[in-house]
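See below for the structure under consideration.
Think of it as A, B and C in the order they're written, each chain with its own count starting at 1.
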């Protein structure tokens, strides 16, 4: 008989696997203690982040900071188990995305007062989203040049695998919900938003004449929305636990040497993110929002975005924070939040492709001048619409932009950078979510739909 | 840098593409003007048809009436963009099909009065549908022989790709909704009808004893139905715009010489369609319906079916027209309409396969006699059940019938005809929808469920 | 012309096909007569079982008890047609599984009284399920050894196709409902249970403070549950007819010689099933339930499970029987029933893999000792969690267990047994369902939630 089956099946073949699972559970117990001692949620989130970083670092230390973790089975097992807790939590959050988006879009529309306008709301949201995208792209271009990314690494190369780019026409067609149930089943958020929009507008139109007939549908939307947000709050309570597992997982799975080889790029990315973040805070200040208070209040979605690397998975937390803590009206928070998780992503679709374009241009010896930069900006802004907010879309965005700049043949030069993508994805996703929140606040302000505790 | 990326991405690489997009928008503006001047809807639909034909013709003219449009990039781009408007509109209509069918079937059943009978309704609907299918098949056989389709084109050929035919048992099994959510997600209309039927019958049975408990479900069905039909009416308002784009698209994408080579077949098809259409009107007259008034009232679904080539996509318009303009009771319109969009299609599943069978028999030298025609009729009527109402099903029907007649090996002889299929599909789909409407009116009449204006 | 198309299409190419379809309809008429004479349901179910066995036997007789039915077209046709009636009925039952599970889980939770506990219910259910699984596995091991299965058939063999086994971590992740609509669409029962659980708990939490807002959702759940159970009762009425077709189908499709070659195995399996069944009844007696009365009351789901070979398809009948006839509280019946149809299956995941392991160990000359048996028990119990309750999962369970015992290379030795799987599946599935019912009764008893008749 082979006793390895059971251990294979359980993904526990090594003493170290058990050790680190026990340690993870130990940190969970610590978090539980903090919870019992009524330490507030934000502090627990920060503690979780620190614990996650430490735990990931210790795993790397025990493994002897290997070049790669691919051939270390126990790290694979540990990350699988950590992933179960971390990504399992994200699964539960994602479970809420479709019902939440569907219900909240209907709700925002049927609760609109006379004179308010869905078209205006959509227009302003896209305007601010694309505005911050443009700023982020410019920052990326400037920083990329200051860091001289790719200079000195010129290589001639000619063929490379590229993701197929579909035209804007095909993209738009694909987003239309040919079948609302299928759109829901395939988590086509934009399709669900469009369907819900039609439903909401229809309810509004029928409100006066057929108020009695449609009341059950309206009441059900309100009830279901209440229930789903309550489920969201239940799930969110487990966030600190998930953050430890998610962060330790990401750190543990990377080879440190791999990070060092592209250290310049990582640094340039995080510097760019920091600058855009500061710009975001300035935009908020111009809107009369105290940036310090804002940071305190929005720490949770930011940390979750950073650790989970999923804008869409973070959406329920984003909406809840904007509503409960920042004081944005429920409907606007849901609507703009849903849009921002799918379009105009400051990190994934602006800074990152901008840096990559500069890097690859330098590596491939492509000359850069004003027309190059102007074209780059246009392509980034256009392609930032209609890229879905799931892990991996940043690579898609880069693929579109690089080929758009005529450098498709040199795409494989970026291999080293793609290998450490999760490290980059953390910062990018956090900035996406912050961009969405800043947009929401700006739009809400312009409609005077923001109040009370900041 | 290559500036062609952006143009590729936007599908605008040629001045002519921009020109014809601008012209399309110009025609939209014209339609908007007509709308503002309160020109009635039917007149706007006719104007749109004429504009669409003209626009398609002009594109062909500018392209110099090419043999094929496959190697003319700007036509491809124009048709993509026109398709975005045209088929985008159809997508929104299709979005409503599943909720509309689900809700309306439940509604028809729970609103049935004592003594009314679902089985009787189903039976009569299928009887009339298959009756008109038989008539249409006979017309197709007669016209096909009068036109001597395929005579003089005898070729010997032996192998050919055929679609696999599944037996009637497998077809029936496939239609059963093993999982209602999956059936909805896959747009299995018959499955949704069956599930909704069970729900409706159960609500009826519980109506007396558990009236209080089930009331929320009943009220919700009524509310949701009201909302979905309201959404349908909103979408339908854009129909004239879509018709221009759809029709121009179909005309523009065809090479005129390709049409001429199979002109006999096109003519035979449209003559057959015309004859069956007249027979339909006679059936209506026998039911005491004024054919002229009927044509005026049902112009919209007929034009939409013609231009969109989708019986299923047209369904929301068909139901709305039957209810609002022809005066058929809501439930019957939905029920029979849903059935007719899936079975007994006069154009796609009767005339077309009949003509094809005659053509291929002549080309392949297959002798035709009474037993050939009798067999052909039987096969057509049987295969007309259970072919789903989406573009492309006509080819499926032909495939079944041709192989059923033992001429599967000669299927490839029909290549030239298949190449211009969209031109044929327009007439076929329109006749399908008319057959459905005539059936609905006939059945409604037999239940005395038709009233007021016409 | 070939007249065989029509017959192929209709699956009627032989006089015998027609004959046996007519005979089946004759037995239906007989059942209808019994129904009209108000013969009670259980007696009609028994009659159906006998008729099905007879009919299957007669078909075998007419075919001359062939080695295999693969090259007898008319048997294939007859079984297709019988399958249409039998499996068509099962499709309709399966149609109800997802709505029923979803609604009933919510209902059980929102109707829980203070002090009752969902966690406790889940824990006790799993405890009893896995307890009976262990017992069943032990019985399988003992009987397998008593029958010396595989002894004398030692063959050396080395390569074999195995189903890929996914680790427990992957299995758990896969069960989480990342998207509730997708979970419903893919009939992921565990995912639906989890989602419904969250919804139910949220409704409960909001019950006091937001009673008015959430009332429409609560009322709708009650209404929809009532409607779905009513649909279930309608479908269930046709069970006797389906049982005839299902059983005749299974018997007819097997070659008798194929059965004889593995007669030992069949016998060992059914003896094991019988013993575990008796143990089940003893457990019931210990719970104060009269086994005779129990058998009378639960005959319907048992017969349906036996003939249909689908635990999941039988679920609506299981729940209805437990509620209406055994007197278990609705919520507990639904909850434990849903769990039991997916985990801890006594027949498919315990007895069967145990017997197979013993057989293959003997055939491959693998030595068996205490550690072998201990390991086997552990692997069986662990793998019995998370195997979905559809036909074919028993093979999956065997695959997991055999490879878990390090005998993956010898898997193909079981070919002869797999060939007659449906014969084995009947007993296994019946035992699964009985295990679920015994668990439900035991758990209900422990919560004092069982009453009245029986």
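Methods note: a residue touches a chain if its C-beta (ideal position, glycine included) is under 8 Å from a C-beta of that chain, and two chains touch if they have at least 3 such contacts.
Listed by chain with UniProt protein names: A, B, C = L-cystine uptake protein TcyP.
None of the values given here were measured: they were computed from a predicted structure.
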Item to check | Fitting subunit B (L-cystine uptake protein TcyP) to subunit C (L-cystine uptake protein TcyP) on CA atoms, where both chains share a sequence, rotation angle to nearest 5 degrees | outcome: 120
Checklist entry - So subunit A (L-cystine uptake protein TcyP) and subunit C (L-cystine uptake protein TcyP): same face meeting same face, with over half the numbers shared, or different? => result different
Item to check | Centre-to-centre distance between subunit C (L-cystine uptake protein TcyP) and subunit A (L-cystine uptake protein TcyP) (centres being mean Cα positions), rounded to whole Å | outcome: 43
Next on the checklist: Residues of subunit B (L-cystine uptake protein TcyP) that contact two or more other chains, please.
Outcome noted: 181, 185, 216, 220
Checklist entry - Tell me, which parts of subunit B (L-cystine uptake protein TcyP) touch subunit A (L-cystine uptake protein TcyP) in their complex? => result 1-3, 5-6, 8-11, 80-81, 83-84, 87-88, 91-92, 94-95, 97-99, 181, 184-187, 216, 219-220, 222-224, 226-228, 230-231, 234-235
Checklist entry - Mind pulling up the subunit C (L-cystine uptake protein TcyP) residues that touch subunit A (L-cystine uptake protein TcyP) in the complex? => result 165, 167-170, 172-173, 176-182, 185, 195, 198-199, 201-203, 205-206, 210, 213-218, 220, 366, 371-372, 375, 378-379, 382-383, 400, 403-406
